[in-house]
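Each of the two complexes below includes subunit A, the first together with subunit B, the second together with subunit C.
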Partner chain A sequence: MSSPKRKLFIFLFVAPAFIILMGVVVYPFVYNVVLSFSNMNLRHLKDWHLVGGRQYLKVFTEPTEPNFYIVFLKTVVWTTVNIFFHVVIGVFLALMLNRKIKGKAVYRTLLILPWAIPQYIVALTWRGMFNYEYGSINLVLTKYLNLPAVEWLKSPTEAFLACILTNVWLGFPFMMVVALGALQSIPQELYEAADIDGASWFHKLKNITIPLIRPVMIPAITLGIVWTFNNLNIVWLVSNTGEPSDQTHILVSFVYKAAFNLYRYGYAAALSMIIFVILLFMSLTFARRAKVTEGAY
Partner chain B sequence: MKKFILIAAVAACGIAALVLAGCASKSVDLRRIVIWHQMRVDERLILESQLARYMKLHPGVRVEAVYKETETLRSDFIIGAIARQGPDLVYGPSDQIGPFQVMDIIAPLEPYLDSGWIASFNPKGLTWYKGHLYQVADKLGNHLTLVYNKKLITHPPATDSELIAEGQRLTDKRTGQYGLVWNYTEPFFFIPFMSGFGGWVMDDEGRPTLNSAGTVNGLKFVRDLRDKYHIIPAEADYNAADALFKDGRAAMIVNGDWSWSGYKKAGIDIGIAPLPVITSTGLPCAPMISPKGFSLNANVPSEKIPLIIDVLKFLMEGENQLETAKILNTMPTLKALYDDPFIRNDEILINSQKQIERGRAMPVVPELRAIWDAMRPSYQAVLGGAKTPEEAAEDMQELALKKIEEMNE
Partner chain C sequence: MSNHKQKRLYLNILTHAVLVVFAVIAIYPILQIVTVSLRPSDKLLSTSLEIIPEGATFRSYVNLFTTQPFLLWMRNSAIISLTVTVTGVVLASMSGYAFSRFNFIGKKFGMMSLLVTQMFPATMLLLPLYIMLIYLGLINTYLGIIITYTATALPFCIWTMKGYYDTIPASLEEAARIDGCNQFQAFYLVILPLAAPALVITGLFSFMTAWAEYLVAAQILQDTELWTLPLGLKSFESNMSTEWGLYGAASLIVMIPVVVLFLLLSRWLVSGLTLGSVKG
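Showing the complex of A and B:
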């Protein structure tokens, strides 16, 4: 194919994806950046104008209820705890499923189920399960374990814990599937060689399994961090929009409230840009520390 | 350089495509009317059948009804309006009129309607704001009432002391049976108790009036129902309360007119009664009353308005409103229908009407949104034991003022 024709060909192939990306990623992003420097709100929806960095200043200095710094701290705790359990449970189950066990397909299907159910349904079902009097969790605690019932949704700490428990249940199948894929790609010869050398189960895990699943797990964990940090659904629905007393917000539900409850679009755009920068920084730092670009072999 | 030209060409095509897409979406189909609404399934089915009738009568006209959850509808409508898009008619409760009017995204209706037609409606079904008519409702109310299970209660309580006595008689914690339930974490459901003790959310100027004896005593009353008289469950949000009543495990529920048909379908023989009178004040528990109706998108081209108004008038016709009233037990807004035998004799509608008369109109100003947001944390803190009612009332007021300032900055 001659050069101009070839270029036209490339152009035609790239163009559709490029147009879609421009429309759904680049344009909204740029628009959000512009809004974050504007005064767009209830009173200035159509006649908004640029006001410099005022909205950013407000995010850091305005004594909002709840406070930005506390919400940020809660978001970090939320993300860290969730990702920790997603990875630990996910990898553990993947290791179990990677063995020769009877009914592997059944177990695998059952364990993937949480991932297959829509988040909305999961959140509301768990909310019902956390009910003080009628929820199954308290019924198990009181009837079978002889423990006192917990006021899951009435106290801030317990409500936050309830959100975390729900999201842990919802999130581990993804890590399990990714880890299982990575485990199945490890050559069996490596384990055989280790067996000949008399390596223990722990040594094989430390020196073969973990290093070899790392290149697959790191991008999954990075994705997991971004998804969990921005997971509005679970916190919003399990805690019923931040109950009790707006104490169970994470940054993204805080933004949602500012934008759609109080119509503070400029402020919410600035806050979402700050979230973007935090996530970018966290992901890059994590990727660099974990040497994500290094090959496994 | 060649690479640069190629990238530039792709970018130019991309931008051109976006611009063209934008222009294309601006071409208007004058025979296609779009309605966004937040109606429940049973309401939705009636609307769709009525629209089908309209389209049969007007070949060539297409009317599409799109369901969106209340909050999604509001945010989508605002986003649509920013892009000068959105539906032709937007349907919902009247409290959305304030924000929409301030944002200049709905248009006054009275220039397109003759005064005789407007006068044929119950004034409570017409939402006027800042001198203009912004909403025409097909249903009056959206109000809370006392719903009771007739199998368990023969005479609904008329006062707070009767409510407590009846509640205690019907509560058996060991079997999980309660006298009364409602979504008592949400401030909208607290309003009747607040107003029963003489409180209200704002004054005529839209300034919050939350730090009042009415709020404090209302909070104490709700807390006492749970902690002193033990007639409500330890925890109940909307779904939990609804499920308890549907299962027959609660004798009474405070819920709105939207819920009645669901209870009937669940096989509960329901009765409706006005919320009780508070003996110490002599005031009835007054819920917020808000009509639900249609508003006109401000971005609609003027040449399309006659057809939109025609659709609106069709949906408001007596025959259609009566059909809705018969199926859903909702109160119509056309005055002529109030003489209809069904409206005059239906027990549920008679009691619903009594509650409407006792209720107070929901303010339509945008500040109400900030007030809900300010009430919720402290209200829940009282129920969680973290604040006293006095502290809560003070904090509600302070936070409401702050949030209103934030909203209006």
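Showing the complex of A and C:
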């Protein structure tokens, strides 16, 4: 093929990629930066103008109820607790599934289900299960465990806990599947050699299993952190827009509310920028720290 | 040695016990949806924990199709999801190929920035697009939501495609060229069929992005005529009186095809996700 023809071909393939990048990365990003320095809201939708860093200042100082710092703290708790349980439950179940047992395929399929269901259905269903009078969680608590019923959705702490429980349920299968894949690639000879040396179960876990599944788990955990930090669906739908009285927000639901319920576009754009920077910084630090400790093995 | 065997037996029983407990936890909410969908209308609010409720009936399913615009929502969702899927697969398969095979200015920056979009909080993509749609008069249109969904799904799709093309040796195209294919034919007839698994993942991911999305749709589609399934289902759940029967029946119908597809493809989905990041 002649050179101009080849160039045309390359152009035809690169052009869509370029247009997409412009449309879904560069344009929203730049526009969001501009918005974050503007006073745009529902009243100033078309006649907005730049107001400097005022919106950023507002994010940090405005005495909203709840304020930025509390929501940020909640987001950190939300992410840490969720990821911790996702990884622990996921790896634990993967270890069980990796043993030679009957019905492995059935267990595996059943355990993946929470990941397969659309998130909004998960959230709405769990919201129903947390109902005080008729929800099955309270019914199980009172009928079988003789515990008092809990007002899941009416008080801040319990509502937040309800969101976390839902999200833990939803997220462990991903980690389980990733860990199972990693476990299956560990050569069996390593364990046999360890057995000959008389290594205990715990030693094998600590010295063979964990170091060998680490390289696969680290990217998955990084991804998990980003997903969980950014998971709007669960908090928004389980707590029904942050009820009671906006006490159940994490940063992304807080900013979604500012943008689409309160129409504070400039403010929401500034807050989005801040969240983005936090997230970028967090995942970079995590990835780097993981790499540094990797050298220890 | 019998001691050892006994220990193994106990361990197996313990493993099964743990797996059964977690399996029950995993399927219980789904059974809950089944139960609710089968309840007769006078017992929607019940404090019974039976899986198959007393006086089970398919009434809710019938009502869903006869008294609710469920078929309309389904049609809307299907139109939007299928368009997003086709657009996503076509654009990602082409762009991914460009990123995998050619060198051009800004290639590295492009791949990195696609990755960085995954760290955008939802509003950072949504708000600018939303305001753009207002300016263009595309709020309350299929086109508006299709653009938004495609934009959301594309970065992941391009990464998956690029990662997969990277595993296909370039010598295959060279061989095809020697056999008389032109460059496009080499891509279309040789590489694309080999990339079928990645195309399936990309398609599934695009489809799910549109089929199971509530928060974006809630902002862009305000006209009930245009509602997608998630908006319809959410409307059954209100603070005053939740239509649990209808909600349960609709949820099951919506999720069964997606769940089946997902289970069939979950293995590839994971390898697609981790492959990209491990190699990246």
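FYI, the second predicted complex is superposed on the first by the 274 of 297 C-alpha atoms of A that agree within 3 Å, B and C clash if a C-alpha of one lies under 4 Å from a C-alpha of the other, contacts with A are read in each partner's own complex, and residues count from 1 in each chain.
One rule holds in what follows: contacts are C-beta pairs under 8 Å (C-beta built on N, C-alpha and C of every residue); 3 or more make two chains touch, one makes a residue touch a chain.
As the structure is a prediction and not an experimental result, all values here were calculated from the model.
Trainee: State whether subunit B and subunit C clash or fit side by side on subunit A once the two structures are superposed.
Mentor: clash
Trainee: A:Asn240 contacts which: subunit B (first), subunit C (second), both, neither?
Mentor: Touch status of A:Asn240: both partners.
Trainee: Between subunit B and subunit C, whom does A:Gly128 touch in the aligned arrangement: first, second, both, or neither?
Mentor: Once the two structures are laid over each other on A, A:Gly128 reaches both partners.
Trainee: Please tell me which partner, subunit B or subunit C, touches more residues of subunit A.
Mentor: Looking at subunit A, the partner in contact with more of its residues is C.
Trainee: Looking at the overlay, what does A:Phe29 touch: subunit B (first), subunit C (second), both, or neither?
Mentor: Second partner only, subunit C.
Trainee: Does subunit B (first) or subunit C (second) touch A:Ala268, or do both, or does neither?
Mentor: second
Trainee: What is the contact status of A:Phe260 with respect to subunit B (first) and subunit C (second): first, second, both, or neither?
Mentor: Touch status of A:Phe260: both partners.
Trainee: Please work out whether A:Phe13 is in contact with subunit B alone, subunit C alone, both, or neither, and reply first, second, both or neither.
Mentor: second
Trainee: Report for A:Glu65: first if it touches subunit B alone, second if subunit C alone, otherwise both or neither.
Mentor: first
Trainee: Quick check for you: in the superposed arrangement, does A:Arg43 touch first (subunit B), second (subunit C), both or neither?
Mentor: first
Trainee: One more residue to check, A:Ala105. First (subunit B), second (subunit C), both or neither?
Mentor: Neither partner.
Trainee: Of the stretches 22-30, 76-84, 130-138 or 256-264, which one in subunit C hits subunit B?
Mentor: Only 130-138 shows clashing C-alpha atoms.
Trainee: Taking the contacts subunit A makes with subunit B in one complex and with subunit C in the other, which residues are shared?
Mentor: Shared contact residues on subunit A: 10, 14, 18, 23, 27, 45, 124, 127-128, 133-134, 240, 259-260.
Trainee: For subunit B, which residues count as touching subunit A in their complex?
Mentor: Within the complex, subunit B contacts subunit A at residues 2, 6, 9-11, 13-15, 17-18, 21, 71, 74-75, 78, 81-82, 99, 102-105, 176, 185, 233-235, 237, 239-240, 244, 366, 369-370, 373, 376-378, 380-381, 383-384, 386, 399, 402-403, 406-409.
Trainee: For a test of understanding, state which residues of subunit A touch subunit C in their complex under the given definition.
Mentor: Touching subunit C from subunit A are residues 1, 6, 9-10, 13-14, 16-18, 20-21, 23-29, 31-32, 35, 40, 45, 89, 93, 96-97, 99, 101, 107, 109-122, 124-129, 133-134, 136, 139-140, 143, 169, 173-174, 177-178, 181, 215-216, 219-220, 222-223, 226, 230, 232-233, 236-237, 240, 251-252, 255-256, 259-260, 265, 268-269, 271-273, 275-276, 279-280, 283.
Trainee: Using the touch definition up top, name the residues of subunit A that touch subunit B in the complex.
Mentor: For this pair, the touching residues of subunit A are 7, 10-11, 14-15, 18-19, 22-23, 27, 39, 41-43, 45-46, 62, 64-65, 124, 127-128, 131-134, 151, 153-155, 240, 243-247, 257, 259-264, 267.
Trainee: For subunit C, which residues count as touching subunit A in their complex?
Mentor: 11-12, 15-16, 18-19, 22-23, 25-30, 32-33, 36, 45-47, 49, 91, 94-95, 97-99, 102, 104, 106, 110, 113-114, 116-132, 134, 151-152, 154-155, 158, 177, 182-184, 208, 211-215, 218-219, 230, 233-234, 237, 239, 242, 244, 247, 251, 254-255, 258-259, 262-263, 266-267, 270-271, 273-274, 277-278
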